[in-house]
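By written order: A, B, C and D. Residues from 1 in each chain.
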Amino acid sequence: MGKTKVAIVGASGYSGEELVNLLIRHKGIEITAVTSRQFSGKTIAEVYPRFASFPIAKSLKFTNPQPTELANLADIVFLALPHGVAAEYAVPVINAGKKVIDLSADFRLRSADIYKEFYGHDHPAPELLKTAVYGLPEIYRDEIKTASLIASPGCYPTSILLPTIPLLRKRIIDPSQIIINSLSGVSGAGRKAEIDYLFCECNESMRAYGIPKHRHLSEIEEQLSFAAQTRVIAQFTPHLIPVNRGILTTICLTPSTDLQNATPEVINSEMEKAYAEFYSSAIFVRVLGNKALPDTKHVVGTNVIEFGWKIDPRTKRIILVSAIDNLVKGAGGQAIQSMNIMCGFEETEGLSL
Amino acid sequence: MGKTKVAIVGASGYSGEELVNLLIRHKGIEITAVTSRQFSGKTIAEVYPRFASFPIAKSLKFTNPQPTELANLADIVFLALPHGVAAEYAVPVINAGKKVIDLSADFRLRSADIYKEFYGHDHPAPELLKTAVYGLPEIYRDEIKTASLIASPGCYPTSILLPTIPLLRKRIIDPSQIIINSLSGVSGAGRKAEIDYLFCECNESMRAYGIPKHRHLSEIEEQLSFAAQTRVIAQFTPHLIPVNRGILTTICLTPSTDLQNATPEVINSEMEKAYAEFYSSAIFVRVLGNKALPDTKHVVGTNVIEFGWKIDPRTKRIILVSAIDNLVKGAGGQAIQSMNIMCGFEETEGLSL
Amino acid sequence: MGKTKVAIVGASGYSGEELVNLLIRHKGIEITAVTSRQFSGKTIAEVYPRFASFPIAKSLKFTNPQPTELANLADIVFLALPHGVAAEYAVPVINAGKKVIDLSADFRLRSADIYKEFYGHDHPAPELLKTAVYGLPEIYRDEIKTASLIASPGCYPTSILLPTIPLLRKRIIDPSQIIINSLSGVSGAGRKAEIDYLFCECNESMRAYGIPKHRHLSEIEEQLSFAAQTRVIAQFTPHLIPVNRGILTTICLTPSTDLQNATPEVINSEMEKAYAEFYSSAIFVRVLGNKALPDTKHVVGTNVIEFGWKIDPRTKRIILVSAIDNLVKGAGGQAIQSMNIMCGFEETEGLSL
Amino acid sequence: MGKTKVAIVGASGYSGEELVNLLIRHKGIEITAVTSRQFSGKTIAEVYPRFASFPIAKSLKFTNPQPTELANLADIVFLALPHGVAAEYAVPVINAGKKVIDLSADFRLRSADIYKEFYGHDHPAPELLKTAVYGLPEIYRDEIKTASLIASPGCYPTSILLPTIPLLRKRIIDPSQIIINSLSGVSGAGRKAEIDYLFCECNESMRAYGIPKHRHLSEIEEQLSFAAQTRVIAQFTPHLIPVNRGILTTICLTPSTDLQNATPEVINSEMEKAYAEFYSSAIFVRVLGNKALPDTKHVVGTNVIEFGWKIDPRTKRIILVSAIDNLVKGAGGQAIQSMNIMCGFEETEGLSL
């Protein structure tokens, strides 16, 4: 039987390149199309010399098909396009009965109003918001299995939601006191020819940006609210750090009123139980507990999220730290993890631990 | 009239090297001694080839004098030694009527008990804690003028205290809700031959450490408490980032009860007034206001602290971000700024804006 | 049938860690022992948190066996030990009929005299020098198949020999005019707690070192001499560059007397023919020709060497540039490539293109 | 008496920014104009927040004057413009009797033909090539004193010419065997919004480029030819390295026929004599001899060139290594050094050792 046919639309940015990097090695699929306006007519090897030793990189050329043509090219279409543009491609593919895994922000929210608030324009296909599944496999595995449209989460949200959702669902933390500081490598800014992201502007530099209302905050708060069953407003401060890849997120949390007289030991034990319940079979989640703290260099190149925490005995606050590779677990890898679940492949196929 | 004679004790670490770097160019002083057990007998040029074009670097050799000999060598003695060791050198110099500017933590606290709590051993010279002046010139300029013992602040504390103290003194913020995330370049860890600070362990890595009770927290809280006139317990999470120099500190603050119904505009205006009052003549303080955010690359190599902020209209919290060079404003530069004030030199002599 | 049992001796340095990284994912083998004096008693996961998601990393502990015990633990023993020490471990394993793949310099030379000249001590097991095979698979594939002792090449030599040997064998270049400049990432210096390799000493630094007689020159010259069938003395200048991984080698070559009146086009065509003859089926060799130049970022993480060249029409010299990952094709990956050939696995098993 | 008035034309690139950085601290001059098409109307502080603590940065706005207006604005005009454009600005300033220090390549060559060969277009003002002085102060100090048009050298040429010219003039080396490998930090590529110079494309990357005929080769060869009194063709291979600043140049040289039977000791002694003769009073030249090798981190931020060498006893070749800061000694600093000489300021005024 033939392999699953996969198209990568918008394969000229860092997320698209990472999709190529991972899918070109994936045993269950065949890349049948890569698209890019800019690179149309060039082979993968010409655009990305690092893949030139794969035969397909020398044979497969970038094309620039119409959205309506995509469904003929593949069974599964990955969209690595800017928000606002992705919807235009998703609609005809889904209408033709094929599946879409969208890495943009277009289908991550349930609310078209919040989309408009954060993205500054009307949602281009609001009717799809109900059917889209938020592609965080450790939380929505069952929904992913049967979805036709996956909205793969943003990088910051992934690093924040996986350690926080179990604590909210188990009412261990106060949903009104979530203070997040995230550090991102420069690939998070995309492959854009802008002065701000030149080597000499980023190297030996550290800066905060996007305060107080970074776009990712919309999906962070929506997902936290689902978990808390109450509306969550979070404080989120992203920073740009001179590494290629990686997100390190430090979250300052306050125990819920139920636990306010609990000792740090009790709080810790509740956290461990919650994580054991949620993630004991989640192969890409590495729970470090309260003895160790993550380092992005432990996860770069892998689809793993690792997180650990400390409970401050003086303030009772929980300091929770997580690390992911923004282009793998935070983008292409997680999208492929969803595909693996959809298609019945091994969940780790094509992905590194 | 002769120049002021200066000794640098412990000139083998990064702070000591930066003191050499700045003092070798300073017009008002003469370096009469550099000391180091490890480098004794070598010239400055042999230890630090980058200074070899200064004649004194070829003539002046490192020595390893007894603490009691130091007072004969210089009018002002800079101590760039580990905590616990500095006190031993400071006492005889002060007893001999000379001045000490100590870059260690030994004299930063007023309380020997808190010293013991955070540093794990009895204070070696508790009688000096009362006379020592905390060398933050923008806050303690008058005391510095006449001090004989300056305890130059730590790098993290400098980045935290300068933007926060005016807000506490003016009761703009709630002293019980101070949540600090700091990012430090690797020189902050000192010049120690340890695996953790090797290039390959730090490059392409981001990690939190020292949670929840980093030693600097003791002086941070003590100074914040003085400003707030109430005991402050702060949340402080430092991180190690792959840059040579620089600290970026992001502080999440809650307006005081007085201002809880105030609009962001009013809060902002109170902040601007407070900073204008405290820092309008502080040449090394660059207040960016709520329009811009700092970048460590704007301050590296200078004695400047820059800070800016945003007020989140959804949470009313203030996100305040500051940047310094940890080795200059956070160590050697600030120590020299204190010396300039003590000696009546121009405050900017030998220091960069 | 059981998997091949593999031991990694000296798994505490960067080469040893990379062997763990690659072998833990290799489908044909089972790691039965990892050894290190320093880490004895700890699990792989404790020493290398990044591997903690592999079950074996939590179960397998580092040990510190006697050399004579190794043969009982594995079918193939990888030695990632300092030169001079490796021989001591290799001898009893080989005597017991098991196979050794040595990543040190101990068995790379045929001449014990040259070993002594470059390494400063007598060769510890000169009788093995005759049977050892230099583990450059693209050159010695047949010998590797049946070898019991593989001397895996150094990182610099790999980057130099693969592009140069075909040109010498085909008499395209003058063997007396080989001028090599290599740039190495800091992992090439090993995981040593030395001031020189601290982040702040390497970052924002570029330096040459080891001039004029770096130890790797011995194996470079010996292999070049075999290819040229005459004694080759090469000029080799290594440099340390602030990247984690990668070697970029630039070789300045003069066409042989036969070709001294040839046009650049003819020289180029001879080069292409030579490489086609030697490497058309060498899956890890990527010949870029005279149109493109390599970049270490295209090969880092892979077992690929890529090289390209330009012929200067004004000087007739060939400027040949190659790139490898020093820890993969330059160390652990190439060692595994040899193992794959020895054991009849797919040559690419466990290795990335 | 008033200060010398200085204009910086094209202050939006890295060289222009470094001119601002150095001139804003220079005691002998006053910046009266900064120009940039792109930034016209903005203050220096708005464009470069790092200079905001200097009062002039808040008062002086970028303008975009006509070339003919410049002479009214300043006594000395620094041009930090692309080649081909600089000439247009230089001509009217010189005709008006003011002085020009040009950092572009427009006036570095004596030959308009070679200019055309390397830069691909006719020279825009060939009549000025005769009066322009190549602004390498250690070689052309006397000519600089009275020049009205200084062509400040390129960064690579500075790193190559200073160590090589004395050896050619003294006939110590063979002018037909000069093989140069240079490593440059990314600021050498300018502040251009191009994908190739993004952080993620440069970090963890090493690459050669511009082979075999980089534009700087034209001035390198012209100056080497003057020194050798014969036409020199050199081999020059530049590389791009992930540091912000710095050039490290490694030159492989062959002793001249006169010295071919000389011992390394004799060759070394001839080199030391030559450098002593040329550079004993050159304050920015640091001759390390054959005992030490340079490191770019020793010179970054300073106007110093340092160089050292080794003589290979096996090949008799000299391996000479130099280091500069490409933006200081390789651009803005050297231009100011020329200005200091022209204006009778201390040669070190505004420049760091």
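List of remarks:
Methods note: contacts are C-beta pairs under 8 Å (C-beta built on N, C-alpha and C of every residue); 3 or more make two chains touch, one makes a residue touch a chain.
None of these values were measured; they are calculated from a predicted model.
Common neighbours of subunit B and subunit C, listed by label, are A, D.
Note on interfaces A-C and A-D: more C-beta pairs are in contact across A-D.
Taking the CA centroid of subunit A as reference, the farthest chain centroid is that of D. A separation of 37 Å divides the Cα centre of subunit A from that of subunit C. Computed from the mean C-alpha positions, the centre of subunit A lies at a distance of 39 Å from the centre of subunit B. Averaged C-alpha coordinates put the centre of subunit A at 46 Å from the centre of subunit D.
The set of subunit B residues that touch two or more partner chains comprises 201, 203-204, 242-244, 295, 297.
Interface residues of subunit B facing subunit D in the complex, by the touch rule stated above, are 25, 49-50, 52-54, 204, 283-284, 286, 288, 292, 295, 297-299, 301-302, 304, 306, 352-353.
Residues of subunit D touching subunit C in their complex: 179, 181, 183, 201, 203-209, 211-213, 233, 235, 237, 239, 241-246, 248, 250, 252, 293-297, 300, 310-315, 317, 319, 321, 323.
Listing the residues of subunit B that touch subunit C in their complex gives 14, 185-187, 191-195, 197-204, 242-244.
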